[in-house]
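What follows is a pair of complexes built around chain A, which joins chain B in one and chain C in the other.
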Partner chain A sequence: MELILATAECDPAVDIICAPSNVNELFEFREAMFSIGGFPITRTVFLILMIAVIVSGLLFFGLRKKSVLPGKLQTMVEGLVSFVKEGIAIDIIGPEGAKYAPWLISVFLFALVGNLYEVTPGVNFPVTSRMALPVMLAAITWVVFVVAGIKRQGIGYFTGIIWPKSVPLALRPLVGLIEFVSTLFIRPLTLAVRLFANLVAGHLMLTLLLVSGWVFMSNAGNIGFKAGIGVAWFVMGLGIFVFEIVVIMLQAYIITLLSAVYVQTSLYPEH
Partner chain B sequence: MYQAWNWILATAEPELISEEVAEESGGAALLLPAPEELIAGIIAFALIFIVVWKFALPAIKETLEARQAAIKGELNAAEQAKVDATSLLDDYKAQVAGAKQEAAKIVADAREAGEAVKADIVTRAEAEAEAIKVRAADEVVADRARVADELRRQVADLSIDVAQRVVASTIDADQQRELVDRYIDELGGVR
Partner chain C sequence: MDFASADAIAGALKLVGYGLAAIGPGIGIGIVAGSAIEAMARQPEAAGVARTTMFLGIAFTEALALIGFVLFFIA
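== the complex of A and B ==
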């Protein structure tokens, strides 16, 4: 919270709260803490790189023992991985899905940990609300499903989209145009924006409720019984906190699921 | 409209947006991927992908195979144990059945032997009884003969005694003969 409050320049003696003048200040941490070879390590960059450390550590410590009778951590990690592999990759794409499992598992774990930062005490900032990450994930998905389509159908992948044979001849140009735009442009855009917007909204809601609650309560000396409003905000913030945990998991699941669905439609256009 | 334009501009040529414009553009600036974050994201994702691909999935596969083998082994062992137990049970059942049969045979033999002994005893008893009867009858006959002999001897002795007494009391011959005859007749009645 201090981090958020400290982002704006204000005189704490005059202002009740150092409210950011611009909403971007809740999301943009562009000042480098330090830099490596000219590459600026900002707080966000640090958190993004930490995703790799956390996920790798989880996988390594969870799976290194390879016990026949797994412990709690191993059961959890095995469960997560096979949930994506069996429940998404193979269930959606089919037997070929196993080939795409490493990518889908990475998408899921990356998005999940990036999202979970939102409700991690001391971090409280979902790095997936930074457009760079959803764009990157969506771009990778785009490349994967387009390449899968070309590998399976050759140039027929594109002609199948532009000139859909299953549609009556008169409608083909129209449907083809819609399909072309929706498959190659709308899909990656919505994939990125969905994740981005959900996390931005969640972060805004939590920040507004918890920070205003805290501000009201901490100024009880000045504003008297009105500080009670802060309690209501804070309690509501905690309610949203639980709700956000659900959103976090759901969004990680959805971006993985849709990525798999897009690959599936590239491989089996008739469905 | 202005924001959208900014976004398009930024996508096309990032340097067209001045620092000032970006500051004032509000939420729209959020839609621009920050280059250092994009690079960090790609690095982090690539690392995760490599770990998942080269380590996690093979590890899980290995573990699952080991688990499968262990379970299969356990199932086979259980199956073997079941087979062993069944054959053991059959053995015991056969043994029990044999024992029962043997017991029945022993009882039957004992009964047979008992019957034989009983029959033997009865036969022997009957034979003995018959023998006793015969012996008793013989004895009776022998006793009668002996008694008759004894009588005859006593009669003779008495006769002699009588004769002496008669002789002594001077009896005539006729009287003597009559006396003897009468006496003998009386003896015949005894028989």
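== the complex of A and C ==
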């Protein structure tokens, strides 16, 4: 609440809604929660570390005892792992996709838990809406698909991009330039921006609707029956909340799917 | 024109720019999803492939709108 109403001249009792001076206030947590050995841990870093704890805890306790008749947790973890391994890695890349499955499972679970913070009560902050995290995921994907291409085709990977043999000679410089830019620059950029922008948009929408609904309703004494608008906004915010859960799962799926597709195009350039 | 109104006009132009950037991807996603549903209805046994390809197509189309969204903030 203080984040939204932080502007000095804004009096919530009179103005009802105050614009945030800068939208970054919703995404930046500069003051350290605590520090370990001189490294200050802000809320964002703490949540990122919690992703590692949650994911490794889930995988460890889910697959600790591999019983023939799996319990609830084991069923869930096995479902997640086989969804990524069979449904994405082997389905998209082919039989040798099993080699890339551990990396894809890590990307999927990291993005999923990082996104799910958005709708977790008490956290309500998707760490993947800080550009650094999607950029790291995209950079790792970039390295993986370029290395996979160089390993499979040698230097022919790059010449295949800038001088495509399947295109008529007159068009090769143009198509080569477009392919070069789109493969090596646009791909990681859009991969990162897609996750980032979806989560930023979702976080902003939820904040606007739920918080402004709350502001209206809590000022019912000052503004009378007009506070009813706040109820409508709050209900709409709850609808968006459900929609955001779908978006969260879809974005975690899509970043994994696209990473697999990029590796596949490096391994089989003719497709 | 004073500085404040020039600032307001610039902010409004950003909004218009984002709105324009959303038109194309909106149409594109509609075409992608519509064709995917058609394919699934014709060949329900190939629904899995169609769904995966649909998500891929939507992801590629959506990128343009998202770039517009980011430019709205950084412009």
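Here is the rule we go by: the second predicted complex is superposed on the first by the 251 of 271 C-alpha atoms of A that agree within 3 Å, B and C clash if a C-alpha of one lies under 4 Å from a C-alpha of the other, contacts with A are read in each partner's own complex, and residues count from 1 in each chain.
In this text, a residue touches a chain if its C-beta (ideal position, glycine included) is under 8 Å from a C-beta of that chain, and two chains touch if they have at least 3 such contacts.
Here the structure is a predicted model, which is why all the values come from computation and not from measurement.
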After lining up the shared chain so the two structures overlap, which partner does A:T190 touch, if you call chain B first and chain C second: first, second, both or neither? second
Please work out whether A:E28 is in contact with chain B alone, chain C alone, both, or neither, and reply first, second, both or neither. first
For A:L257, decide between first (touching chain B), second (touching chain C), both and neither. second
Just checking: does A:A201 make contact with chain B only, chain C only, both, or neither of them? Give me first, second, both or neither. second
Per the contact definition in the header, classify A:Y117: touching chain B only (first), chain C only (second), both, or neither. neither
Of chain B and chain C, which one touches more residues of chain A? B
Based on the superposed arrangement, let me know which partner A:F234 touches: chain B (first), chain C (second), both, or neither? neither
Identify the partner contact of A:D91: answer first if only chain B is touched, second if only chain C is, both if each is, neither if none is. second
Shared contact residues on chain A, chain B side and chain C side combined as an intersection? 23, 196, 200
Chain B partner contacts - residues on chain A that touch it in the complex: 22-24, 27-28, 30, 39-40, 42, 44-45, 48-49, 51-52, 55-56, 59-60, 63-64, 66-68, 70, 74, 77-78, 81-82, 85, 101-103, 105-106, 109-110, 127, 129-133, 135-137, 140, 196, 200
Which positions of chain C touch chain A when the two form their complex? 52, 55-56, 59-60, 62-63, 66-67, 69-70, 73
Touching chain C in the complex, chain A uses residues 23, 91-92, 190, 193-194, 196-198, 200-201, 250, 253-254, 257-258, 261
Considering only the defined contacts, which chain B positions touch chain A in the complex? 23, 26-27, 29-45, 47-49, 51-53, 55-57, 59-60, 62-63, 66-67, 70
